[in-house]
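When the chains are written out, they are named A, B, C and D in that same order, and each has its own residue count from 1.
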């Protein structure tokens, strides 16, 4: 399906404020960017680089006063996410080098604390895709999903204690459980068609059967319509904006996703 | 200045034909992409990756029949290129690691054959920027510039023999002369405002005084309006399209650059 | 000074066990490897790759039974670490791209929790090197250093609660405090001459005044003799061995550092 | 088999001379480095970095006077190179991103000039491994192999004209022929057991059937004993030393390879 996604951020800055943004989606195996806009107002000098995860990052100094960023993209993405029951676990020695870092614990995914829970949640499942599907289903049933995207990220351990969290938090738990089984897992942040209420979204991917698969414990079925903005080990790496100096929140954050009727 | 640049390529393919394209400009230190479109018709699956030079490359299989690609971008770029007479030569031991490969000879820049000529062309110039400026001026005066972009690339040695070449060929000579003096130099392909006749363009950059500077032996003065599509060691690395299998030429190739009156 | 460093690890494995090791030091700006040995017994197939931090990593499957790894290196390293009081804080916008990820919180360095403490510890210090030196001194005076390297890593928050930790834990606290001031900081694991008792060691580096400087809250003065095995965001990234499957500890772990009298 | 390889280079320098060396073999899929020494005399400051091909490169300034480099390594490498008749050609669209640059022409491999010859040499062969084997055999039979490693590299076109060349030159021709058939091919420089007369050696690898295979038109059979020092597009990228400033040749260059009787 073709989606038009957009994100509008508006800040009121008291002092010149350095930002690192991750708001330019990249074309890749899962999505194709046919059109894209990135408007900064007032216009300031921006440089762009690729981080270690391959994300495009924009660096700039926001000037004092009203400062806004508006990005839009027309993206082709799959109607349904790929599912592949039975896709096997990949033994550590056969994992591609680039995937290995996604086995390690990270700031919000303390996979070193979850071995027992993961074994219990995935009991009797075939190693690989079926384990991840069991983890996704278990989170979906057990942890209350709080829509919205507010507040500081909380870690997998905390999510498990609270038995509730936003999309990002549920992803942390999914990732931690996968990694504790030696299944590489990573965080994705981006857009999701028909998310209620509409906002930026977070989900996770697991590497089984020789490739990455999409999982999202906040949704049911294999509904597609995902557009990735960034990949990383957890919420730390995929903030759509990192801002340095006195903390500021966007005065306004407006996210839109609409399905385009006509093929581009 | 704000430029709207576009490139339209139309092929008539007899068989499914693999392409690697380099038609998505990246934001960087020299330019900012505010809007961008990339239309493929008929639409096919595309994947995108970053090559070793940091260029975004699109891979696809063109289907038999008419096949076209239309890309457009709104780009902010400088009105004048930076000039810096006196910027010093950087000794090999102080060059950043990432710059070292641009010292080596390459397919079309046989820098190992040009030491004598380079010494003569830059006699009495300060090592660094002034040497490159002397090389640029010498090519501008000595080698006939043939507008247009047709034919196979020719190497620096051949350009020097023919005493004539298209933009790409003059860049090869400039690069070879710089490298023969141990000045890192690289090829850039992209758009140039007000190029006559309008087409894709090629120029070169040299690393002196701790950064890359733009040089273009086909132009005079320090007129700006450059938009880079790709960087590489020579024409080999920056083909806007590489196509595999039976050779095909675009039936149509239309390049446009217009200056936008209103700031985006 | 020239050091001969060595590490011997002996495991008793019940099942074939995948390992990722980080036991081959690299030559770099801070150290030069003149001789190096890496013995695996029994010999098995090993592959080696470079991770995103540039560390050389060895991957292998340890066979059931006794399995040992013995590495040795002769390394040139500085007698004294560089100190540079007054070296300025680097504003975010001037940091090299490759340094940015070291600003983010990580598994064991919850820098998002330390802004207040960092402000108090570095009150009245010049932004940059002097702040980091104040952090190092404060940890040295305040947190009890427990020699040895045992146990699971604990995070900066936990170290600060316990007011005690091993070298790795103190480094986590130093890193978290630096990052909370927007100073990039990273973990280093390796050898230290004359460490008491001898073991592998961990310290941290901070990026100020345009380069990385070594800090070690477990030591006093600017004594050198450091040999780095790996760099990363925290203990997660620089485990000298990561082992997958049923947990095994080395039956024996012997670390040696001796100063060589004669220049190599 | 276990090999002890060594290379001794001795220069007499008139002025301080920058060098970039590629004399530290890396462990990888094909070889394992169990011991390694790198002695520079007189000792000077060296930094080491990884180039875009993944090779470890040493940078230093050679001081005036006698200057020598002695490297040794104990390496495990296969007794026989892998052969795999029938391994299929990989269509462009399925090649890994990292392999694509090895399809392009390079300084000494003008693959754009060899399509006709390649078609004739590989007539009636299955696309893939068998084509490369036919190219290897054709060079072996047709082009005179001049042992030794002296002189400037010559390009594939020149080798084909002269019908003779050193190992490096034959590799250039093999690479150019492969690439003209859209088979990725790369240069390897290193050591070969029992080479007559002993010297550094060069051969090539081709990517077919989903991996790199070793080919060497200077040898017959599938004899192993190869130790790689560097990989690249052609001789340009894999000079074991690049030296800048007034040209100097080693006064002495001694290469040794001996088979070790006892497993390390």
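By definition in this document, contacts are C-beta pairs under 8 Å (C-beta built on N, C-alpha and C of every residue); 3 or more make two chains touch, one makes a residue touch a chain.
Predicted model, so just to flag it, every value in this text is computed and none were measured.
Undergrad: What chains touch chain A and also chain D?
TA: A chain counts here if it touches both chain A and chain D, which gives B, C.
Undergrad: Compute the centre of every chain as the mean of its C-alpha atoms, then state which one is farthest from the centre of chain C.
TA: Between chain C and the rest, the longest centre separation is with B.
Undergrad: I'd like to verify one number: the distance from the centre of chain B to the centre of chain C, where each centre is the average of its C-alpha atoms, in whole angstrom.
TA: Distance between chain centres, rounded to whole Å: 43 Å.
Undergrad: Determine the centre-to-centre distance between chain B and chain D, using the mean Cα coordinates as centres, and give it in whole Å.
TA: Centre separation, chain B to chain D: 30 Å.
Undergrad: Based only on mean CA positions, could you tell me how far chain A sits from chain B in angstrom?
TA: Here the centre of chain B sits 36 Å away from the centre of chain A.
Undergrad: Could you check chain B for residues that touch two or more other chains and list them?
TA: Where chain B meets two or more other chains at a single residue, that happens at 50.
Undergrad: All pairs of touching chains, please: list them by chain label.
TA: A-B, A-C, B-D, C-D
Undergrad: Would you mind writing out the residues of chain C in touch with chain D in their complex?
TA: 24, 26-29, 32-39, 43, 45-48, 50, 54, 56, 58, 76, 263-264
Undergrad: Given the complex with chain C, which residues does chain A contribute to the contact?
TA: 18, 20, 49-52, 57, 59-61, 91-93, 97, 100-101, 103-107, 109-110, 112, 152, 182, 236-237, 242, 244-245
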